[in-house]
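Dropping a structure here in structure tokens format, bear with me for questions.
Labels for the chains are A, B, C and D, by order of writing; each one numbers its residues from 1.
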Amino acid sequence: MKKCDITFPENKTFDIIPIGRIGIDLNANKLHRPLEESDTFTKYVGGSPANIAIGMARLGRKVGFIGKVSDDQLGRFALNYFNTEHIDTSGITIDKTGATMGLAFTEIKSPTESSILMYRDNVADLKIHPKDIKESYIKKSKCILISGTALSQSPSREACLMAMEYALKHNITIIFDIDYRPYSWKCEENVSIYFSMVARAADIIIGSREEFDLCERIVDPKNEDDKVTANRWFEYKAKIVVIKHGKEGSVGYTCDGLEHIVKPFPAKLLKSFGGGDAYASSFVHFLMQGKSVADSLELGSAAAAMLVSSHSCSDAMPTEKMLLDFVRAVKEDL
Amino acid sequence: MKKCDITFPENKTFDIIPIGRIGIDLNANKLHRPLEESDTFTKYVGGSPANIAIGMARLGRKVGFIGKVSDDQLGRFALNYFNTEHIDTSGITIDKTGATMGLAFTEIKSPTESSILMYRDNVADLKIHPKDIKESYIKKSKCILISGTALSQSPSREACLMAMEYALKHNITIIFDIDYRPYSWKCEENVSIYFSMVARAADIIIGSREEFDLCERIVDPKNEDDKVTANRWFEYKAKIVVIKHGKEGSVGYTCDGLEHIVKPFPAKLLKSFGGGDAYASSFVHFLMQGKSVADSLELGSAAAAMLVSSHSCSDAMPTEKMLLDFVRAVKEDL
Amino acid sequence: MKKCDITFPENKTFDIIPIGRIGIDLNANKLHRPLEESDTFTKYVGGSPANIAIGMARLGRKVGFIGKVSDDQLGRFALNYFNTEHIDTSGITIDKTGATMGLAFTEIKSPTESSILMYRDNVADLKIHPKDIKESYIKKSKCILISGTALSQSPSREACLMAMEYALKHNITIIFDIDYRPYSWKCEENVSIYFSMVARAADIIIGSREEFDLCERIVDPKNEDDKVTANRWFEYKAKIVVIKHGKEGSVGYTCDGLEHIVKPFPAKLLKSFGGGDAYASSFVHFLMQGKSVADSLELGSAAAAMLVSSHSCSDAMPTEKMLLDFVRAVKEDL
Amino acid sequence: MKKCDITFPENKTFDIIPIGRIGIDLNANKLHRPLEESDTFTKYVGGSPANIAIGMARLGRKVGFIGKVSDDQLGRFALNYFNTEHIDTSGITIDKTGATMGLAFTEIKSPTESSILMYRDNVADLKIHPKDIKESYIKKSKCILISGTALSQSPSREACLMAMEYALKHNITIIFDIDYRPYSWKCEENVSIYFSMVARAADIIIGSREEFDLCERIVDPKNEDDKVTANRWFEYKAKIVVIKHGKEGSVGYTCDGLEHIVKPFPAKLLKSFGGGDAYASSFVHFLMQGKSVADSLELGSAAAAMLVSSHSCSDAMPTEKMLLDFVRAVKEDL
């Protein structure tokens, strides 16, 4: 059995560098109505790896980012927001080809019935280019986080693979947040090809059961067993595999053979999305702090509960104090 | 000298069918700040020919439309809005290729300093196809209005040319609203080629001095004289040529040799755009009502004044009563 | 009735400037077998307007050309060939984007059963750009010849329209050789739109019955009557309309109401293509020489007969002496 | 030290399945002149993996192929040729999107100065799709050969990666023939990303020094030492690494630490290309036959010598008897 010690080196400029999507959410201000009938919208920074960057910055981490924004007011808004949150933006390039920020109009018909309308033609975030990936920047971080959607199209796909190569070369921990968004993939077969390629190089893999199915579709299309899944990736480089099961909670596997089951945290559901990025950022933060995998997962679950009861997916990310207060308050209620 | 009688036939289902853009405006709710700092936005239907359709419907006209909307909530919002305004939507097709609604984020930094950020990659409105143009629909209208931006890209360009052919075949009045938007044109040379092509077939041409320069760039690149310009198009099919000079007012030429100078109407400027579509719709409406070209132009100018002092470019379009009341009130003030 | 006098001005540098396709033919050396089984091929310059340029140069005319060739050995071969034939190549630009020469593999299964396999992806000839069209070059010619295939795609389409505008501006005769090639058109509706646009501006129109049907599809889709067709275009600018009926010969109409029926010239058929370009070049050449329309058509027909009994479509173009000798020899045989 | 035993299993339908390019060579019939001045051409099947397939079939091997051809006479010619050579074509699909066969016009200016003009826009061979890759077909073979050019563009790239995944899953030997063709790659950075990805999964890697440099550019951009290179890939899956040095011969490394230097075979040079594919097919053939790495390399070198003195790159592939006779004759001469 492989020793299961993810240790994060000291003396690094950054704790984490997420790679991928940074976009704009336009959230309908009035809840519980179809998007057609929503008059006014509030704009937020959005996109899974951007949300994770904000989440970890709020928790006090030193955060870099590799991405690309449009050369317009919405691109500048995103950069400004990151700067205000003390996220390093030197790894973010500005598109000069007329690409736009990806837009996500959120529609909250009821607490359990939400949807997102994506306007992502010619988006800047999928134009990150291998040339934008600086070996020196990657080397400065304890870990990088590759968001699966960034693998969906070239040249962003190759930018991620390049970052992965540099991380492997310099022994930087690789976190793979599978983050499968069907609308971004033009060819369904490619999903499994690239997901399994990154999964084999990753130290930590986080995804839903359905997302792990995609990673295994070529080698073992019939498997639905979490433990078999986790062991598959432990044969490669992975040390922690986190499999999420929606309302039924999640399970964290470690390569020493342990299994950690986490129940979902009680939440007043306002919308059915946004929890995953809070989960990932809290989990990684507390893991870096030296907490056990089990404890880190539970705190991830608590952060998710906070987010699904908030209007935004980024601006509502809690500080450590807010998160711990929330956990305490909920536990006292029980 | 050509006789200058534009007569609109009775017994037609529609007074006008504008062709081209129907999009979504997202107008910042707080004025006088850069877009980066605008938090909330209100959505409206927008796009020059859509605004003209709404303007004329408010004035009591029977209005059709030829356009294309996205197959999503924003497309349905636009269709719903048109239906509510009693605009016939049977000529509007729904894109099935994943195209989106064009978005226009308006930024109003000060009453005289506004800008519009366009997100128009893969827009539905430029995908109107010659196949979408029904001869039987065109025949039902007193006139069609071709918006210049719809000429900027294929297949929308050819859809407009096809509509123009049917209008010529059946002696339907053609109004050409030059509406030049540089961002839509991939090749600058094409602007003059297609603008002059439609100008030669048009009965009424409306545009700014700069827009008429574009129509003449091949045949007479140095001309800046309005009268020379008007006469050029009178040699083809035009009977009325309206040339706008921004704050200095506009001039209407008729093919009987007359010139009608119109001063801008006094307005409390809130934003510096949106007036043109109100101008065009009022002008055409009153012309159809039998008013003189001079009077119609003045009422167009008044409608423009109402719009530049309103938050939207569509929803603020006045009814005839509102417009006449406004004119009366302003004149009493003087 | 319109006076029917096409006069070509003296003192011009060029007699004609064809616009459009210049490509490479790869003709199977062994006849009467499928292309699959053809081992060796001979390369020739090809493409309808290039063939016409060569045809007219052989007949002693001063010929210019507007086109674009690839920046490789095949492009240089085409330029060299034109130079050898004393065709002016200063209006031909060299593509710098990696476009290729269009290739046509000819397959001659039997004298009456031939086909052409086109390899025309990313071809240089369809990349002529409006910017490549020089007003000063057009002004130097007695006439321009627009080949319909060059209207099939942008930017070549707009380059032709630009050339047409300059020709109209300076009263240069416009010859429209309809030359319909279905494989070049991505949208069938566009064929009629652009063909009718150029037909309305042309002084001489040459095409088959099917090609004229395409020009009329919008305005009169049911007409099959040559005389009705000719009269339609005489209402615009045309003075000569030549309608070809394959093996049954052709008819030339002139705007003074005359009709000239031409029987096909007897020919030992080697292949069923290549005749049309010889026909056009001889017809225009003798018309310029002052011969009657009837005589010019007959000599066109004779040149066509020479070409369909030859291996190539360009290199076999006759000189005037060869053509007149051929006519004499055939007539003596009768 | 890793045991270095490449054993090829018995009882397989195919000895090898090359994946990638199958195209048409058009070889100038007269030698020693520029392409511009070459009149006639002979057509052959071409493309590196197609040549290797033909080479191995001539040597008596059972050969499959994964590729795509155009739906025209040239595509059918290629299929017919493979069938005649007893290569299984059931893994070759026919493109239905209008793609063409890649064309290579060869220019032989002198024995040492040759070039190839590629016409490869919209080629069928780069349209092999992951969906075309059948797990059951791959399983039937002793080995697959991935040709580097097939990695240059999607979807062919992903088709190769999919084939690689199936080969890994079923323990099928993977041969990586790096075959770098700069014109096929749109982004230079991608070359190293995908080459190193396949190199890590390959059992046998064959390439020139420059090609191996590309595989190492991310991890060790300064290395030029063959032994360092070979050892790098031995750390992954490779057992044999063959590095070619043009006229100076080649070196074969095996993972047991041995080095086999091979001098080039004396050849009457007719052209400077085409040798590599003969080399690869002979080398693999004799390796499968149980010959030593050193002997197999020498026979590869001999086959290369035969090809560079022939007009074609495919049709001139020798049978085993021809090859051994040639070797004997040359050795007697010495």
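Basically, a contact is a pair of C-beta atoms (placed from the backbone, for glycine too) under 8 Å apart; a residue touches a chain by one contact, two chains touch by 3 or more.
Please read all numbers here as calculations on a predicted model, not as lab measurements.
The greatest centre-to-centre gap from subunit A, using C-alpha centroids, is found for C.
We define each chain's centre as the mean of its Cα atoms; on that basis subunit A and subunit B are separated by 45 Å. Mean C-alpha positions place subunit A and subunit C at a centre distance of 61 Å. We define each chain's centre as the mean of its Cα atoms; on that basis subunit B and subunit C are separated by 42 Å.
Looking at subunit A, no residue sits in touch with two or more other chains. Taken pairwise by the contact criterion, the protein chains form one closed cycle in which every chain touches exactly two others.
Applying the touch criterion to all chain pairs gives A-B, A-D, B-C, C-D.
Considering their complex, residues 129-131, 154-155, 158, 161-162, 165-166, 169, 187, 189-190, 193, 196-197, 218-219 of subunit C touch subunit B. Across the complex, subunit C meets subunit D through its residues 26, 29, 34-43, 72-74, 76-77, 80, 100, 103, 105, 107, 117, 119, 121-122.
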